[in-house]
Amino acid sequence: MLLSVENITVRYGRLTALRNFSLTMEQGETLFVTGPNGAGKSTLLKSIAGVVAPVTGTIHFHEQDVGGQPPEGIARLGLSMVPEGRHVFGSLTIEENLILGAGMRRDKARMAENLASVYDLFPVLSERKDSHAGVLSGGQQQMLVIGRALMTEPQLIAIDEPSLGLAPKIIDQVYDTLTRLRDERGLSLLIVEQSTTRAVMAGGRMVMLRSGELVLEGDARELSKGDALNAAYFGFEEH
Amino acid sequence: MSTTKHPSVLAQTVSTPVILIGGLALIAVLTWAFGSNIFGRTVTEMFIRVALVVGMFTFIGNSGVISFGHAGFMCIGAYGSAWLTIPPMMKKVLLPGLSPMLANAELTFFLSLIIASLFAGVIAFAVGLILMRLSGIASSIATFAMLAVINTIYSNWGPVTGGTSSVVGIPITTGVWISFGGAAAAVVIAYLYGISRSGLALRAGRDEAVAAAASGVDIYRERLIAFTISGALCGMAGVLYAHFLGVVNPDAFYLGVTFISLSMLVVGGMSSLSGAVIGVVLISAIIELLRKMEKGITVGEGTLSLPNGIQEIAIGVVMIVILMFRPGGLTGGAELSLTRTSANDGYSKKDQGSGNHPDNKPRR
Amino acid sequence: MTAVLQILFDALSVGSIYALGALGIALIFGVMRLVNFAHGDYIAFCVFAMLWPSLDVVAIVFIGNLPWFLLIPVILGIGAGLSIISEILVFRRLRDANPATMMITSFALGFVIHNVLLMFYSSRPKAINLWSNLSLPVEIMGARIPLLQVITIVMTIVILLALVTFLRRTQFGVEMRAAAEDFTMARMLGVKANRVIMAAFGVSGALASCIALILATQTGVADINMGLPVMLVAFVATVIGGLGSLHGAVIAGFLIGGVSVLLQVFLPLEARPFRDAFVYSAVIASLLWRPQGLFAPKSSKERV
């Protein structure tokens, strides 16, 4: 098992963002986490990345307990996080942004190799490698942060709302890239999206959260056939 | 009908100032009954500091903006009262540059207290018109710059302020009871402002800036009101201080007092009125205790005493330790109260840190 | 012409000290959102370190008597060490705290350092005879400029260039810049928080020692209050430069140095005592004009 989240509860002050939530992922799997605004999706990712600490429950990555590990420790285990809003380092150049991801592997040759492969994947980054990352468009920034995550040589990339604020055409490109990475490199992907559309399009397993709790789990395409998806998403009572 | 179900803010929270003033009154009574002269002076100084820190709280606590400038208003109040109360004969010699009206004035202490405090408030209002446009750290730096400007002016405008040398001849009127009155008045005013429309709006803006702005809170206006009131209160503390020592000089109202009073506020818990009062009382008590120990305490046959200079070092260490273990200050932003429901009115998440991961730095 | 040159050198050398101070404050602010008020006391501590181990009224210089190529690294090490120790003992526990709490804690720490110095050395300034021959003037294009001014300016430029190279050319430097911009994101990429913060404190402390060396040579005295004015101006420079912007802090430091020297020269005689009031009014004006600072990084938002 690659990732296993067991019964975690996360609170911000008096607000409970995630309640008794569990989840498992296998190597090479793509898992979509969907749900309406405020469902606790980002909180889930932040707890996995070690940015917020659950009050109860455990998180294992590669059978190793990562509870209490700082974010940098978890990153070093091979879990790369692409948070919501992308978070490029605007005052660093594009190449510096990428190199940053390679910092924990002190291996110059491998770094150069990875850099070349990222540039290969996203030629536009290579063309502008010495300009500041702040000047990139939203779509290019999304490519940069995916490339930066790849530089850490991760086994699992957790990515929060990759389609946020992007034009539909660009979203297609982003998803093409992600699918390619999954198919060609066997990367495991944990993708958070508000809407279920992408999950249904891409296929694979999906879990849905609402108000901090798991409401639905299963194969995205199977779930999309009935009304269950909408019912769960909007919280309709079943008749 | 609904008023019976929902008691007013006043009814819910009035126990806080009552408890605080009651506590201070107890100290005053005990001092009056048992304290020595010297102890009386210590307590008087503490009450003045309560007035000052509560004045600072009125702005800093409600707005969440750290101000480094309030010692400036203390300075303005103190000198204002010096101009109004020093006998004209002395003023002709000491401060030849005063306008004839001021030069001939010789007001009573209470009249001067009111006028000089209001003067500090007016200056705060005028400065606030400009400074309150800023927020966050820019605003803090601007208040510091204002303090530096005030200090430079008062230190160099010899004919009017006596320059860096001390201005003497201020009637000494502040004792335990008057300073207690000042502290109590400051607590009442700060409390009334806190439950006023403006105070509530300002605190809403402190905790949820966007939401408050969206519901029509004019943060600039509310900050200006708070800044003016707190300027006047600090001015009053300055007047009390001037009439406590009988002497003023500009450096008494500069960085030293700024930092020690800010420290008292933060150690107590800067977002609650109780925190402001408790911070002053506690730190003053620790300082006094250490001072006593420096002089030596009799243990059996001999005396134990701390080496000179340890007192300051110890107070610094105590402050660091308190803040390390209670980053939100001793009260953590809560108010002292008899009813539990009103206990967390001033409660602010920001003061508690994120409360999440020990190494997590929440940033937006 | 020579007068202009003289003013220029004055402005640059005053500005150099402010710039180094602002840089020291900005470095720590960048990675920790901490305005370190103890910085001025680090400076004073380093000055007095040159008197060690003597506590005498007439200071017998021990470390201060070391040859310069030993003295400089020793003092830099002391500054860096003091700063790193304060990170480990005090500030590490406060990483979650709000900026006001951190600020007041740093002030309390400065207060402690100040009073430790006071206890050992008293408040009377002491003479330090450090490289006094550097005060001799040299002639540059007809103007007589104290050699020390030239050295101060050159040293500042060298330090700044070295720092820029470090920040741009090394992996560690890139990590520090990234951490200054978005600490959590940097950590999620494997950047070690403790290491970066400690390095920032180390460099900042070393910058404080540079100021200490310059001030001690310039004034020839050791005074426990000598760090404070530099720290205050540096603090202001950091903010008007744009918090989180290192080059902004440096430029603003030079700017404030320049403005104060120019005001000193050009203000009418009767207004000259009020020079600082003009300087600080200019500071307020600058903040009103650009509240985010003159050189705020694009991505930076108000966080305090």
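A, B and C are the chain letters, set down in written order, and residue numbers restart from 1 in every chain.
As a working rule, a contact is a pair of C-beta atoms (placed from the backbone, for glycine too) under 8 Å apart; a residue touches a chain by one contact, two chains touch by 3 or more.
Nothing here was measured: the structure is a model prediction, and the numbers come from that model.
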Most central chain, Cα average position: C
Chain-chain pair with the highest tally of contacting C-beta pairs: B-C
Chain whose Cα centroid lies at the greatest distance from that of subunit C: A
Distance between the centres, which are taken as Cα means, of subunit B and subunit A, whole angstrom: 49
Rounded Å distance, subunit B centre to subunit C centre (Cα mean): 31
Separation of mean Cα positions, subunit C and subunit A [Å, integer]: 42
Contacts with two or more other chains, residues of subunit A listed in rising order: 51, 70-71
Touching two or more other chains - residues of subunit B: 354-355, 358-360
Multi-chain contact sites of subunit C, meaning residues that touch two or more partners: 182, 184, 193
Contacting residues of subunit B [partner subunit C, same complex]: 66, 130-131, 133-138, 140-142, 144-146, 148-149, 152-153, 156, 255, 259, 262-263, 266-267, 270, 307-310, 312-313, 315-317, 319-320, 323-324, 327-329, 350-351, 353-355, 358-364
Touching residues on subunit A, where the partner in the complex is subunit C: 49, 51, 70-72, 75-76, 80-81, 83, 87, 89-92, 96-97, 99-101, 103-104, 134, 148, 152
Of all residues in subunit C, those that touch subunit B in their complex: 33, 35, 37, 90, 93-101, 103-105, 107-109, 111-112, 114-116, 118-119, 182-184, 193, 228, 232, 235-236, 239-240, 243, 273-277, 280-281, 283-284, 287-288, 291-293, 301-304
Subunit A-facing residues of subunit C, complex: 171, 174-175, 177-178, 181-182, 184-193, 297-299
